[in-house]
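Take a look at the structure set out below.
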């Protein structure tokens, strides 16, 4: 359903400049650009020999038009995305794209902003990249989320119509996130639940790592929709579990665990498995890329992974219950089953005894 | 020498008239009589590990898997699952457990009678602690109820229940006993009106080894015991137990109990006969449904008590080497392990223990009525080889036991294999070495 | 709902309910079928016999020396994989946290064993199970007395063991999928348990106790 082709790059005769041209205009040297590409390809675990080809593809890519649509969201993803350490090349690359609509960042507001969006979409109809942020409420006709007199679900359908591809940023846009957590009053869902006829890339997380967002975008520009897992996440960033890459893994293997957040084990930096770390079932790049420019990440800070890049992570039991713990709440069902079992057993015994008594009496009579 | 002392005529027996369906019903009803929490836990616990085969001399000798002890209990197990177990209604409604059929029962006759001496060794090997032997015994009970117990056992049981003797003797056993007294010049009290102790005699000894009976009387006389034999309950054996007929076993038991009660006996002494001990010591009260008003002691048990009390004093046999066979019914199933050894020790016997001894001893091969089944003979010989080898391996020059049925089995095997040993009676040895 | 969620949630809840229901049904029926009073003069007091019974519960785990020659191999294999299973289930960290969470107990004293050792024990356990299976298929006695229950129980046990090892070694697919397969096979084990030979885990206690008790009352070997 999500074909990995991208019309925008294939379009011939587009007047928009290539990324290479923009970089040259901004005085970014070839050396610096290649270094950046090497970093990106390394991050995506591509073989080193691929860097030159990747750089060439990226330079040749036309400056894309991007429509950034926010739905039921908290702006956390955008915060993460803009937490670039200026003047990073990444942010520069990001600035090279034509961010034609993002109502949080843009100066325009109200009718002017909506008009700009319509214009941008018309100008690049069928070619722009749609970035979505936040879940989409579907209950009661989608009335729980609307802007400019249009429900989110209508806005999404409309914007998706003209998109070449969609990038769902954050766990909400990907899978519904906190909005979809039980009891999900607004019927919130991720983009892929509504749009099924466009290529969709999910970049989940709460928020996602900025490098993962830009890296996904850059790799998309260079070579189209990357290889995705079953949850539509790029395998390059979501191919391994946190647990597999965690620097505390060796403690898990040795059987050394923190039993509480202030015990000897916690101070020694032992594995947080018993404290509910979701590392074993969470696919993300936090353990390798880390946060805030590689400063640290939750597990390093002493807290278990919450599993924020996984569908329905809010509903996978308490954050401090281990990944193998039960996921049901018993409201007396098991006690009821026990009572029923004992009652049925007792009844069966009474019936069997009555029958035995009758048969044994006959046996005694024969004897 | 034949151990099957009488070939049984094919005269009609009462059970011959039973229709197949009636046989099935009767077997089932008898099985039902044994349903209960004890048998249920035992039948439920089996994990099919097959260990019990490794305890059974018939399997060890033949390596034929059909002799696996727990397999012998299969008809009972099947009936239990279908009629009494927790899921019985489903097993029955859905036909997951079929009714035990006459064909099955007939197929099991050989397994339950010919190839099981009720020795109980399987119960000790079971890692789950299942009382395998008792489950097999219930199998026999069902067979007998269905009229499918071997005629050799059933006819004897019926006759014993009616007349007190399992076979029609050439002359009454009371006369035989009196003649033994004359022959050995021993006073043998018979049919005294009152006595503290009632004593029985093994039929096999009365007929084949009167010296053992005489020896018992000699010792009791020497001890000044207040005892008597009773012609109405002279025979120690209980063929009802062998045949698996609860009804006949009960009648035969009744006969003994009534006689003991009549003379006011406080104790019944069981002679050198293993299964008679099991039948009277451990099954009589259960089968008649009331506590016995007297104690039951095996003769060796009684003698060991007298020895400990200082009343029985014995001479030394000057260190002659003996191997001793522990009869299953007395030791493994009866709990008399030390008494014979204390007697032997008192006589200075150089006891050479077998590899498998005491509670773990191999069966003589002839228990459980197998001695009386002519057709079981070839299989029995194979099982007996195990025992004879163990006796030989002790290096003892003489061989002794305290059960006349075991001696019958050994005598027969000795003849068959040209074995150089003759099974002797422990009580005879005691009688010969009693101090004046 | 993901498959892992389902396996740890709804299905586990259902499986536990079936387990508790079935086990109690079977045990309650068995124990309420009636006890026959033993009337024979006993050699041991009920108290002493009960002590012998309790001893037999433990002692039967070790074969009498008379039998070791013939049963030693089978017992070693059988007890071997049982011990392996117990260690894995009771001391593997993921299992310990599972039990603690399931029973809602806080037990910091509960020991765990490193996953390296658990892996080694798991492989040995599966190997012993394979030997036990081969014996069941090839030994004439075992082949003769085995039924569907014996084989199906083994199949479920293999499913639990193999998926568990796969999860630990990270083979056979994504961790959460393999883990779900592991939990599902465990749930299957719970559901099958009350209706199968697995009930021996409970019945072993009364049968061993009774044989010790009744034999002690007779003064016979237990």
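Chains here go by letter, A, B and C, matching the order in which they are written, and residues are numbered from 1 within each.
Criterion: a residue touches a chain if its C-beta (ideal position, glycine included) is under 8 Å from a C-beta of that chain, and two chains touch if they have at least 3 such contacts.
Just so it is clear, the model here is predicted, and its values are computed rather than measured.
Least step count on the touch graph, chain A to chain C: 1. A comparison of the A-B and B-C interfaces places the larger number of contacting C-beta pairs at B-C. Taking each chain's centre as the average of its CA atoms, chain A and chain C sit 42 Å apart. Centre-to-centre separation of chain A and chain B, using mean CA positions: 79 Å.
Chain B and chain C have Cα centroids lying 38 Å from one another. With touch defined as above, residues shared between interfaces to two or more other chains in chain C number as follows: 25-26, 28-34. For chain A, residues touching at least two other chains, in rising order: 345, 348-349, 352, 356. Taken residue by residue, chain B touches two or more other chains at 35-36, 84-87, whereas all remaining positions touch fewer. Across the complex, chain B meets chain C through its residues 35-38, 40-42, 44-51, 53-55, 59-60, 63-66, 68, 70-71, 84-87, 123-131, 281-286, 289-292, 295-296, 331-337, 355-356, 358-360. Residues of chain A touching chain B in their complex: 345, 348-349, 351-352, 355-356, 359-360, 362-364, 366-367. Contact residues of chain B toward chain A in the complex are 26, 28-30, 32-33, 35-36, 83-89, 145, 245-247, 250. Interface residues of chain C facing chain A in the complex, by the touch rule stated above, are 1-2, 4-5, 8-10, 12-13, 16-18, 20-34, 93-95, 97-98, 101-102, 108, 112-117, 170, 175-176, 179, 183. By the touch rule above, chain A contacts chain C in their complex via residues 241, 243-244, 252-257, 259, 273-274, 280-281, 311-312, 315-317, 321-328, 330, 333-334, 336-338, 340-342, 344-346, 348-350, 352-353, 356.
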